[in-house]
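Below, each structure is written out as structure tokens.
Presented sequentially are two complexes of chain A, the first with chain B as partner and the second with chain C.
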Partner chain A sequence: MVFSSSTFLIAFLPITVLLYYLAGVKLTKNIKVKNFILLIASLIFYAWGEPVYIVLMIISIIFNFYIGKDIDASKKAGNTALAKRSFVFSIVFNLGVLGFFKYFGFLIDNINGVLHTHIQAPQLALPIGISFYTFQIMSYVIDLYRGETEVQERIIPFALYISLFPQLIAGPIVKYKDIAYQLEHRKESLNKASQGITRFVVGLAKKLILANTLGAVYSSVQATPASKISTATAWLGIICYTLQIYFDFSGYSDMAIGLGKIFGFKFNENFNYPYIADSVTDFWRRWHISLSTWFKEYVYIPLGGNRKKTPRVILNLLIVWLLTGLWHGAAWNFIIWGLYYGILLIIEKYLLSKVLTKVPRAVKHAVTLVLVIIGWVFFSAPTLGEAFKYLGAMFGAGASFADAQSSYIFGSNVILLIIGIFCATPLYKSIADKFKPESVDRLKIIAFPILLILCIVFMISETYNPFLYFRF
Partner chain B sequence: MIEQKNKNNRRNSEYDSFINSDGYSEIELGISDAPGSAKKQRTEPARSSVAPKSKKKSNKEDKNANYYLLLSASICVVIIFLCSFLTLVIKDKEYSENEKRYLAQKPLFSFSALADGSFTKDVESYLSDQFAGRSLLVRTRTAIDIFAGKKEINGIYIGKKHRLFEKPNKYDEKEISETVKSINELKNNNQKIRTFFTLVPDSSYILKDYLPNNVILPDQSKQIKTIYSKLNKSIKTIDVCTPLKNAGEPERLYYKTDHHWTTSAAQIALEPIAKQMGVNISKTAFKTFAVSNKFKGTLAASSGLFNANDLIEITYPESKQEYYVEYVDEEKKSASVFDYNKLNTKNQYEVFFGGNFAQIDIETTVKSDKVLMVIKDSYANCFVPMLTDYYSEIVMLDPRYFQGSIEDVIKKEGVTDILWLYNLNTFLADSSIRTLSE
Partner chain C sequence: MKINLGKYKIIELACVAALIVFIICLMASLSAGTNKSIQEISATPVKFATESKMKKRSTKDAAKAFGFNADKAEGIVYYCNDSIMDVSELLIVKFKNPSDAKEFEEAAKKRVENQENLFKNYAPDQYALLQNSIIETDGNTLFYCTAENNKEIYNSFKKGL
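For the complex of A and B:
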């Protein structure tokens, strides 16, 4: 099920919230009842679109629940060797499942390409959210092994952690230790719920009103052969994609955080206006924060971080960014996209750190944006070859500088672009600061309901709108 | 809190070449946290399982802010529940006139449907098709799009002077050559039958000047010429692009809100077509009547823009020749090529023959040894009524609906002439011609 569907908005969500508040919060006031209701709701949510792969998720949950208990028991008995063995087994299992479903076909394709063999790869659909929930499970097992979190003795809170529907299919990637306490001791409040509802509406609006319409513009550009795209069209198209992917993904995170709040959870923020970053390092502090934090904590630091000598640090960075790219999808363009950032970050750290302090912020911001936009070309193109053709069109190999198509796209989307760019920056806050806080608050009374009605208008007038991040 | 931040900072400075994830804890969400509550929540330790010490600090201003947000959220909740309630209560609609399709109905539950995923899909389409106030919502979207400067809605260009244009279909070399192959085959199998072939351009070619600025579409007359050149030389092609292009008052040639050509355009095309087919129309007096001035066509329906009306005229020969129309599959007969009842429905263009049918036979009292078969799309529907004086029988065949054997029909009716009459846009996308001679 997706958040931006009428099934979710007018059936699943109201029923779940009603049940949760009536049976859990009002009648029994029992966390076990609340967790049970949420777990059942989450399983239905997942099974709705994936009636088969829910079995895989349940197996993962049960396996990791028991291996967690096993690691804990071995550690408490002082048998570190046994704990290590269970830990390694669990990591191999989790990465094995992810690898099989996500990367096996890609691997076989490449083997066939290099060795000219014709091995048949199984045609498997990617289980929704597997990249997200596998990483969540691993955060539990790793932290448990390292002694950074307590073992979870009850299966329902553990299963709820893995399957919690707000962040199940597109993040944020919540680390177990961040949420362990909330799983069994959270409190709902009207204040939190109203923050949650309005935050959900903001996310829904980002997805339905901005991301989907911007995406349609990019698709129309992408449908034109690269050799016929003018420079201006190519830039307009990729700028639309740049905005689309931000609103799509951060909108999803907003919805997840908002829904979590309705049920008394607090998830960490996943985005912080990434497009106002003034360096690539800064961009990655602001983009998909939960993923980069995960890689930092569970890959980069265990590899030695930057306490090692420079060549090893560079190698560590490249490994982390290769994996980051690969996490986004089993294709060469994602690998290149990841390494591209790895190299940019290395250059920034080792070659430019002194220079950058002297460059005006505006210049740094502009350069960063261009670099990020170039990154999205690799990310959005169906193949690596297409990406280079598109880059060619952006940098002068295009049919012309500007043509009728670029004027048409600009003319009919200029308002959308202005709204999109405005909403991707914290500019509205500076504007709001110019008014009395009282009047800003009053404006909110009608602003969110209007936004919600607009969302419904956009949702119903569209029939097909899967989330972009489902691919991962 | 300060302690924790320092700890974070220390940690981050150690690894600052990577990503400093500290930034996010400082995020202020303009929309959510009032200052007091934000601080309170930040005290929840991020990395331990210790109970948070809640520090309640609130002043009057925060309370007001919370109150406003609560009010706003409550309205949102009311909206959502109202949508659920109304969708549940309002009677389901069966058919959407504007979209020309049946709407999804309440799905029946079965375990097999659940297992193969069709049940959940059906629920999804049911809830969006039967959503309360759906058509109002769709119209609102159109209004928003136009306000935002969109010149294209659901593949319809919003042109100047309330003119709507269908986006032309792609010219696909491979598909076209397959279609042409099938047409040539039919000719080869029926060498003796005189075959004529005409493609009519759409309004976006003839009325280019009314397209939105900067919309440049492929040259349809060139595409038509290319297709003509691929046809068997014994098929006589007829150019209607030039006469339509040269006709005065081009606005009258196409409907503003519909993808069809008008009866006036058909009459202009009649001249070169009749000449090529060896029909003398100079002695025929044609009568023209306006039958509707409130026509809102398919382009209005697909775009949701209903702000213009069109005039429908019918033209037919003024003669004493009698005829009757037979709808073969439907086993229905009619005394007129016009079905005036259709003027009371949404799609008034169906006044011509009542719409599209697999096979329509027009038996006339004309003394002629010529039997014409028109293989056609809906463009022919306003054209064929002008031909009833020249053939003893006219067979109209619509490959999109026709399931039988075309050779059988040719033999049975004794067809002597075949006219292919298609709109270019339908022709480019129609795959049914390819299977016609199978």
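For the complex of A and C:
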């Protein structure tokens, strides 16, 4: 089920909110009842699209819940060796499941390609959200093993942590230690719920009005063979994709954060205007923050982080970015995309750090944007070969510099692009700050219902259009 | 404090066993492929296609329209309408190797996407047909159909496997 579908908005969400507030908040005021209602709703939400893979998620929940108890009991008994064994068992299990369902086919395809064999890989569908919930599970087990969080003694809150529907499918990746207290002590309020609804509508508008419309432009460019695309069309197409992926993914995060607030949760922000970054390092502090933080905390720092000698730090960075690329998908273009950022970050850190302090911010910003846009070519292309062909078109190997298609795309989408660029920056916040807060609130009261109506219009006219990050 | 590590281990191992059983069941549910010939598989769907005024096309036409490598197929059946304003078409492919399923499926998806881009703005009825098109792979076969009665055609294909 997707947040922008009528099933979710008209049936699932109102029923869940009603049950939660009636039975959980009003009648019983019992956190156990509230958690139970949310857990059942989350399992239904997942099973709606994945009736088979719900079994896999339940097995993972039970396994990791008891591994947690196992590690805790071993540590309390002073048996660190046993705790370590259970910890390793859990990591092997979780990475094994993720590896089998996400990377096995890719591995076999590559073996077949290199050795010219014909090994048949099972054509398994990727369990939705597996990369997100596996990383959440691992954050719990790792923190528990390190002694950075307490064991969860009850299975319902633990299962809810893994399956909580607002962020189950496409994040943000919530670390257990950040939400442990809220799982058993959260408070809902009218104020929080109203903030949550507003945030949800903003996310919905980003997805339905901006991301889908921009996506349609990029799809039309992508449908043209790379050799027939002019340079201007190629740039326009990828700029549309650059905005589409931001509004699509940050829109989902907004909706997740908003839904969380409705149910009394507070999730950390996942985006902070990434396209205003003035360096690649800065971009990654602003884009998919929960994933970068996860890799930093659970891979980069344990590998030694910045504390080692330069060659080792470079190796650590490359490992982290190779894994980041792989996390996004089992394909060479994602691996190259990850390594591309690894190399850019290394160059920034070791070769350009002094130079960059002297360069005007506008120049740094422009260069960063171009580098990020080039990165999205690898990310959006179906194969690595297609990515290079598209890059060729962007840098003059296409049909011409500009043609009728580029004029048409620009002419018919210039307003959309201006709105997209405006909304991807904090400009509207700066403008709002110039007015009195009461005036802004009054405007919001008028603007949000209009935005919601617009979203409904777009939802009705659009067909099934899942979020880009669902496939990860 | 008494620790019941044994109980935890039993549950953990039971989960591993359940996971293995789950994967085995999942793999078993994936069809290894049909032994029937492409003519046998496509007989009934083709009947429906001709009733819908679709005409038989060559393997070369299919490869050109879909951009796949026809050498990887054991057999290809491709029907489409004469009119360029009618998007109805039927494609059934039996691959030599089931591992090629993804490649053919991607080609069919790309075809639908390209057709959607072409028809979206000026032929809403044809666009609606494309949006309801069916693309399914089953072991060593691919079924793709865009037609008003595509569900009926698909069901006849499934029965014929």
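Operating definition for what follows: the second predicted complex is superposed on the first by the 472 of 472 C-alpha atoms of A that agree within 3 Å, B and C clash if a C-alpha of one lies under 4 Å from a C-alpha of the other, contacts with A are read in each partner's own complex, and residues count from 1 in each chain.
Convention: contacts are C-beta pairs under 8 Å (C-beta built on N, C-alpha and C of every residue); 3 or more make two chains touch, one makes a residue touch a chain.
This one's a predicted model, so the numbers in the text were calculated from it and none came from an experiment.
S.K.: For the overlay on chain A, clash or fit between chain B and chain C?
M.R.: Verdict on chain A: clash between chain B and chain C.
S.K.: Report for A:F89: first if it touches chain B alone, second if chain C alone, otherwise both or neither.
M.R.: second
S.K.: Once the structures are superposed on A, label A:I119 by its partner contacts, choosing first (chain B), second (chain C), both or neither.
M.R.: The second partner, chain C, only.
S.K.: Look at the residues of chain A and decide whether chain B or chain C touches more of them.
M.R.: Here the partner covering more residues of chain A is B.
S.K.: For A:V457, decide between first (touching chain B), second (touching chain C), both and neither.
M.R.: It touches chain B, and chain C stays clear.
S.K.: Contact-wise, after the overlay, does A:V370 reach chain B, chain C, both or neither (first, second, both, neither)?
M.R.: Once the two structures are laid over each other on A, A:V370 reaches no partner at all.
S.K.: I'd like to know which partner A:Q405 touches here: chain B for first, chain C for second, both or neither.
M.R.: After superposition on chain A, A:Q405 lies in contact with chain B alone.
S.K.: Touching A:L27, do we find chain B (first), chain C (second), both, or neither?
M.R.: In the superposition, A:L27 contacts neither chain B nor chain C.
S.K.: Going by the overlay, flag which of 60-68, 150-158, 186-194 or 366-374 in chain B ends up clashing with chain C.
M.R.: Among 60-68, 150-158, 186-194 or 366-374, the clash with chain C belongs to 150-158.
S.K.: Using the superposition on A, tell me which residues of chain A are in contact with chain B and, in the other complex, with chain C.
M.R.: In chain A, residues 463 are touched by chain B and also by chain C.
S.K.: So in the complex, which bits of chain A are touching chain B?
M.R.: 1, 5-7, 9-11, 13-14, 48-49, 51, 148-150, 177-178, 180-181, 185, 190-191, 193-199, 201-202, 266, 268-270, 272, 281, 284-286, 289, 292-293, 296, 300-301, 305-307, 313, 317, 320, 345, 349, 404-405, 407-408, 411-416, 426, 428-429, 432, 437-438, 441-442, 444-449, 452-454, 456-461, 463
S.K.: Within their complex, state which residues of chain A touch chain C.
M.R.: Where chain A meets chain C, its residues are 52, 55-56, 59, 62-63, 66-67, 69-70, 73-74, 76-77, 82, 86, 89, 93, 97, 100, 105, 108-109, 112, 118-124, 219-220, 223, 382, 463.
S.K.: Applying the document's contact rule, which stretches of chain B touch chain A when the two form their complex?
M.R.: Those in contact with chain A are residues 14-15, 17-21, 23-25, 27-33, 37, 41, 44-52, 61, 64-66, 68-77, 79-81, 83-84, 87, 114-115, 117, 120, 123-125, 127-128, 131, 134, 137-138, 140-142, 144, 148-152, 212-216.
S.K.: Over in the complex, which chain C residues touch chain A? Could you list them?
M.R.: 1, 3-5, 8-9, 11-12, 15-16, 18-19, 22-23, 26-27, 30, 97-99, 101-102, 106, 113-114, 117, 131, 137
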